[in-house]
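Multiple structures follow.
Each of the next two complexes has chain A plus one other chain: chain B in the first, chain C in the second.
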Partner chain A sequence: MSKANKNDKSRRKFLQNLGLAGVSAVGGSALLLQGCSDPKDSASGKKVKVLTQDNQLVEVDVANLKPSDNIKDLDYLQDRGREGIPGKKFVMVVDLAKCKNARKCMTACQSAHQLKPEMHHINVLEMNDPVRKTSYYMPKTCQHCDNPPCVSVCPVDATFKRQDGIVLIDNERCIGCRFCVAACPYSARTFNWTEPKDAEKFAEVTYNMELNVPQKKGTVTKCAFSADRLREGKLPYCVSACPNGVYYFGDSNEDLVTNGTTKMTVRLSKLLQENAAYTLMPELGTKPSVYYLPPRQNKG
Partner chain B sequence: MNYYKYYKSIILICLCFLAVANANAQSDWEIPEKEQENVSFIMFDDDMILEGSIAYENSCTSCHGTPGQDDYMPMAPSPGDLASDQFQEQKDGTIFYKIKKGRGSMPKFEDVFADDETWNIVAYIRSFNKNYKQPIPDLGGIIIPEYKLKLDFDENVDKLVVKVFSKEIPQAEVDVSAFVKGMFGKFLLGKTQTNELGIAYLDIDPQLPGDAEGKLHIMVKASKGYGLAKLNQKMKMVQPTIHKSAIEGRHIWSTDEMAPIWLKTSFFITIFGVWTILFFIVIGFYNIKKAGREDLH
Partner chain C sequence: MNDTLSKEILTDEQIDQDLLKNINWGNKFKLWLAFLAVSLIICLYYYYQQIEHGLGVTGLNDYVSWGIYISNFVFFVATSLIGMLISSVLGLMNVSWVKPLARIAELVAVAFAMVAGLIIITDMGRPDRLLNVFMHGRVQSPIVWDIAVVVTYVAISILLLYIPLLPDIAICRDKLKNVPKWQHKMYKILALGWKGKAKQFKLMHNYTRILLVLIIPIALSIHTVTSWLFAMTLRSGWDSPIFGPYFVSGAFVAGCAAVIITMYFFRKNYKLEKYITIDHFDRMGRLLVLVALVYVYFNINEIIVPAYKTNTADAKHVQEMLSGHESIMFWMVQLGGLIIPFLLILFRPMRSPLPLMLISIVILTGAWFKRVLIVVPTQLAPYYPIQNVPEKWTHYMPTIPEIAITAGSFILVLIIMSVLAKLFPVIPIWEIKEDIHHNKN
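Moving on, here comes the complex of A and B:
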C-alpha cells in the first residue's frame, strides 16, 4: 500500500514538475527571443563618427551604440594594456633649444597621473656646464628603451615592454622590490613611499595600467608615454601642455612626428639628421625612444 | 619764478597728452559697418579648426595666450582672453577685420595670411564658444563653383597628379595642397597651382614609409575664390613596409613566453631531477633509521 501511495505521489510530482518545466521553457525562450530580436527597427537614422581600434573613422547609427562596461573591467584593461597598439612604434623628440623651463609639462603630467608635487614622471632639470659656463633646461622622462634594463631585472614580470615600444608597469603585479629603480640608468622611476595623492577619491576607480591610476602605495611608477591618450589618437599630456613647442611626438613607423604646440607635422628622420639629434647615454646600448635636439649655447 | 610757471605748464601739457593717449587706446576699435557683416563662405569644420590652431599657435599665442587659459600678455590695451564672452560677442566680420588690419601693437596679418587662412583662425577662436552658431552666408548671386578632384600617382617620376574639374571642365590656377595623414597630424607634401590643363603635380618622397601594401593616406585640398574641394584617399605610392613589433625576437628582457621549448623542458627536467634525487636520499636515510630501530628490538 505504502509503496503504491509512494508511486502515486511521485507520478503526480513528476507531472507537476513537467508542467513547471514546460512553462519555464516557454517563458525562457520567449525572453531569449526578445533578447535576440533585431535592433534594426529601432534605428534612429542619426549617425555618429567613431574611431575603431586600428584608427579608422567609421559612421555608426546611434541605436547600435551601447555604453561599454569594459572600461571598468580590470581584466579587459589589463589585457589591453599588455598588448599595446599594433603597428605603432612611438617616439618623442625633445628640442632643448626651445625649453624655457615653463614646467607646464610637469603639472599636466602630475595631475593626470595622480602624483604628488615631489614625484615626477617628467622632470625639467637645469643643466650646467662648468667648463663652457653655459646652462640649459632638459626635460627628462622615461626613455622607453628598446633594450630596457628595468624589464630585465623585474622578478615578477610587472614591468614590461609592449609591441608599440612603450615600457609600462602593472602595479597589480609590482611587489615594490625597486630592482627596476636601481637598474634604470636615467633615474626615470619613482616609488610610492606614502599613500598617493587623493587616495580616497580614486579608491573606487578601476586600475588602468596605461594611465597607472589609481597609484598604489609600495609600488613603482613612471612615465607611460600617456598610453591611454595614444589609444584615443591624442598626443601625450606633457606634449600638448607645452607652450614653447619643445616636444615632438609620433610614430616612427610613419616617420612622422607632430609638434605638441604648433601641431606641425615633420619627417622624423629629417628632423633628427638636420638638428644633430642625440640620445642619452648611448654607450649603455639601451636604445632610447626619446631623442634630444641640442640646446643653444647660452651664457649661463 | 618764471621757471616755476613754465615747469607747471609743461607738466600740465604732459598730463593732458597722456590722458588723450590713454583715451585713444581705450576707445572702441571702429570697424566699418560693411566689414562687420562679412562672413565666411565656407562652413567651419574640424579641418579648418586644426589649420587655424596651427596658424594661431605660430602667430598669435605669444600675445593672446591659449584661449580659455587667461594667459595673455599684460599689455595696454589688454589683448584679453579670446574665449571670454566679451571677445566672443563680436561678429565674425569684426574679428576677421581686426586680424587683417591690426592696430597699435596688434600687427596686421593681411600680408601674412590669405583670406581663407584668416577664416581658419576665426574658426579656431569660435571653437571655444559652445553657443556659437555660424551665420549662413548670403551668397547674393555669387555662384560657388563645385570642384571635383581626381588623384593619380605617376610612379616614373614619383609625383602625385591632381586634376581639378568643375562640371567636367579642367580648372586652371586652382590652389592645391596635399598632405599625408599621420597618427597625430598631417604632413604637408606641398602647395602648388593647377596648370592650364587643370593639373597639379606634387613631389612624393619615395622614402616615405607606407603601410603593408605601400599605401599612403593622402589628403588633398583645392581652393579658388569661394570654391573648395577636399579629398581623402589611400593610394599605393611607396614601397610596402613591414612594421616590426618592438618585442619581436628573444631578448634578455623577454618574457618566458618567448623561451624555446627545449629550454623550458630541460629546465623543468633538471628541477624535477634534482628534487627526485633529494627525495631518494631522504627516503634512504629514513629507511636506514627504520632498519636501525628494528635491529634494536
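Moving on, here comes the complex of A and C:
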C-alpha cells in the first residue's frame, strides 16, 4: 500500500470519528453511549455504528443509545477529565510562515473559555528575528510539555499530565498559589485575579475540566488543547478558527496531523522533518508537544 | 565565665525584681496594645476586601504573580532563622555571652515563623481550600516541603522557647502575687509542677540540648526550601544552585538586625541595662559584621558569575539589576542596606546601643527590599515578550490593600512579641543566677 493511500485511509477514519461523534450528539447536546452490551433488549432493530473509547468500532441498537445525565454530573466529568483519552498523544504544529496575525484563534479561544480580553490561553506574539532584522508572529499556547515544570511544582495535584499528553487544570482543586505560573518558562498560564467574565451567566453550569469552564475566581487557567472538543472528535477552537492554515493538530501515535483551515491531513513526522520544525527552548528539557515550523517568506 | 554581665554583684532578690519588672499590665502597655489592635483591624479590613474581590485588589498580574506577599514571606522566614544561630549554634559552642539574649532570639524566631505561615495564606487565591494541601498534597512540590518544615520549625522553636522558660515560669508562679487570677493559673499550668529539683534541671537540660541540635537542620531546611520555591524553576534570575546558602546567609543578616532592635527596646523599656549590656551590643555588632560579610560574598557570586557568562536571559537580568530598570533599588539595597552599614559597624562607637539599633533598622529595611529584588525582577523578564495585555502588567507596583496586609504581618509580630514580653521574663532569670553563682564560686 502506498504511503499516500494509507494517509487517506487514516484521514477517512479521522473524519469517521467526527461523523460518529455527530451521531451520538443527535437529539440533544449530550448523548452518551450506555449499556450497549445487551442485544436482547433491542426493540427497534435499527443499528448504528459507534466508536468505543478504546477505538473499537461496534454496532449497537439505537434503543440502547440514551441521553445521559452524566454530562451534568461533576464527579463523572472530573474522573473523565483526569483520565484523558486512551491511546492518544495529541500534538500541535504551528506554521509560523503562514501566520498573518489574524487573531481569530485568540478570539475563538477567549469566547470558548470564558476569558477576559487580557487573559490568553493562546497569545499571538510579535517576535523579533535578530538575524533577518524582521519580525514575525508567533502564536503561543501551553506547550503541553512531556516534562511539565508546572505539574512538578503543583502542591495539590490540581494541574496534571494526562495519558493523552494534555496538561490540564482542575479549578475545583486549585488553591491559587500560582507556583505553576512562576514555574512555566513559556508564561502560558493566566490567573483569575477577579470574578471571571459573565460569572453570573455561568453560575449554574457544571464545571467541565476539559473546557475549564466555568472559570473560578482565584484559580489558574490555561490552554487545554480544547480537550472537550477532542473528546467529540473535533479540532481545537483555535485550530478551527484560523483562516490562514497556521495550525495542524493531531495524534502523534498515528503520526497524523490535520490542518484546521484546509482540513488536509498530513504525516506528522514528514511535516516536521521537511520544514525544519523546532520546539520552544528545547534546552530547558521540558519536551513540548507543540512544534513550530520556522517563519519563511516563500513557502509553497 | 560571663564577662558581659555587669560587674556589680547582684543578689537573687535583686535579679528577680529586675527581671520580673516587665510583667505588668500598665496603662502605657494597654495603650500600645490598643494601638496595635486597631491597626491590625484596619489591615484585616483590607484582607476582607481581598477575599471579597479576589487578588485583583493587589498590584499582581499574570507576569508578576508573586509580589510583596511572597517577598515578605521570604523575609519573615529569613528573620526567624536567627533563633537557630544564637540559641543553638552559639549556645552549643558554649558561647556564654549570648545566654541572656537566647530568649529574645527565640521570641523573634517564634513570632516571625508563626506569622510567616499566615503570610503564605494571604497570597493564596483560594485560602478556603487550604486543607487541599493536606488532603491532596504531592511530595514533589517544594511548597509541600516548605509547609512541612515551617510547621516543624514553629513547633520546635516554641518548645525551645518554652522548655528553658520552665524555671522562670515557676518563679513567676511563686513570686508574682499582684497578677490577675487567670495569669496566675496560667503560670501554674505552664510550670508543669516545676520545683527546681536537680533532676528536673537535668531533664530540662537534656531536652533543650536535643532541641538545640534538632533545630539546626530544620532551620537550614526551612530557608533552603524557601529558596527552592525559586531555584527549582527554570526562570533566569532564580535558576541558581547557590540559592540555598545565599538565602541562609542573608537570613542571618536580617535576623541579627531584628534581634539587635528587639534587644534595644526591651533594654530601654524594661530597664535591663545591667543584663543587656553595652558589651552585648558590641558583640552582636561584630556578629552582624561577620554574617554580613558572608552575605556580601554570596551576593558577589550571584551577580558576577552570570554577568561574566552573559547567557542571553541571565545577561538581561543582570543588566536590569546593575544599570537597568531595577538598578536604583538594587544599589540602594546593596550599598545602603548592606555594605555601608556593615562598614560603619566596623567602628567601635557605631556598635554602641543607639547607633547600632539605628543601623540595624536600615539593614532590616534593606533586607526586606532585597527579598523584593529577588522575587519580582525575574518575573518581569520572562523568556517570551509581555504582549496583548494591559500596559500596567509590564511593571509591578503594590497597591494600598497589599501594603496594608503586609503591614498587618508586622503588626502581628509586634503584638505577639509585646504580649509574650508582658507574660514572661525576657531574660532567663535562672541562667543569670546560675552564672553569678558560678562566678562567685
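Throughout what follows, the second predicted complex is superposed on the first by the 232 of 300 C-alpha atoms of A that agree within 3 Å, B and C clash if a C-alpha of one lies under 4 Å from a C-alpha of the other, contacts with A are read in each partner's own complex, and residues count from 1 in each chain.
To be clear about the criterion, a contact is a pair of C-beta atoms (placed from the backbone, for glycine too) under 8 Å apart; a residue touches a chain by one contact, two chains touch by 3 or more.
Small disclaimer: the values here were computed from a predicted structure and weren't measured.
J.: Touching A:97, do we find chain B (first), chain C (second), both, or neither?
T.: neither
J.: Which holds for A:284: it touches chain B only (first), chain C only (second), both, or neither?
T.: In the superposition, A:284 touches chain C alone.
J.: Quick check for you: in the superposed arrangement, does A:155 touch first (chain B), second (chain C), both or neither?
T.: second
J.: Does the superposition put A:199 against chain B (first), chain C (second), both, or neither?
T.: In the superposed model, A:199 contacts neither chain B nor chain C.
J.: Which partner does A:183 reach: the first (chain B), the second (chain C), both, or neither?
T.: A:183 contacts chain C only, not chain B.
J.: Quick one: is A:89 in contact with chain B, with chain C, with both, or with neither? Answer first, second, both or neither.
T.: first
J.: Does any part of chain A touch chain B in one structure and chain C in the other, and if so which residues?
T.: Residues 149, 152, 157 of chain A touch both chain B and chain C.
J.: Which residues of chain A touch chain B once you look at their complex with the stated criterion?
T.: It is residues 55, 86-89, 146-149, 151-152, 157, 160-165, 233-235, 243, 245, 249-251, 253-256, 258, 261-267, 269 of chain A that touch chain B.
J.: For chain C, which residues are in contact with chain A within the complex?
T.: Going by the criterion above, the answer is residues 53-56, 58, 60-63, 65-66, 123-127, 129-130, 132-133, 135-138, 140-144, 147, 229-230, 232-235, 379, 382-390, 393.
J.: Inside the complex, what are the residues of chain A that reach chain C?
T.: Those residues of chain A that touch chain C are 106, 118-120, 123-127, 140, 149, 152-158, 173-179, 181-183, 185-187, 189-195, 216-220, 281, 284, 286.
J.: Per the contact definition, I'd like the list of chain B residues that touch chain A in the complex.
T.: 50, 53-54, 57-58, 61, 66, 71, 180, 182-188, 205, 207-209, 241, 243, 245-248, 251-253, 255
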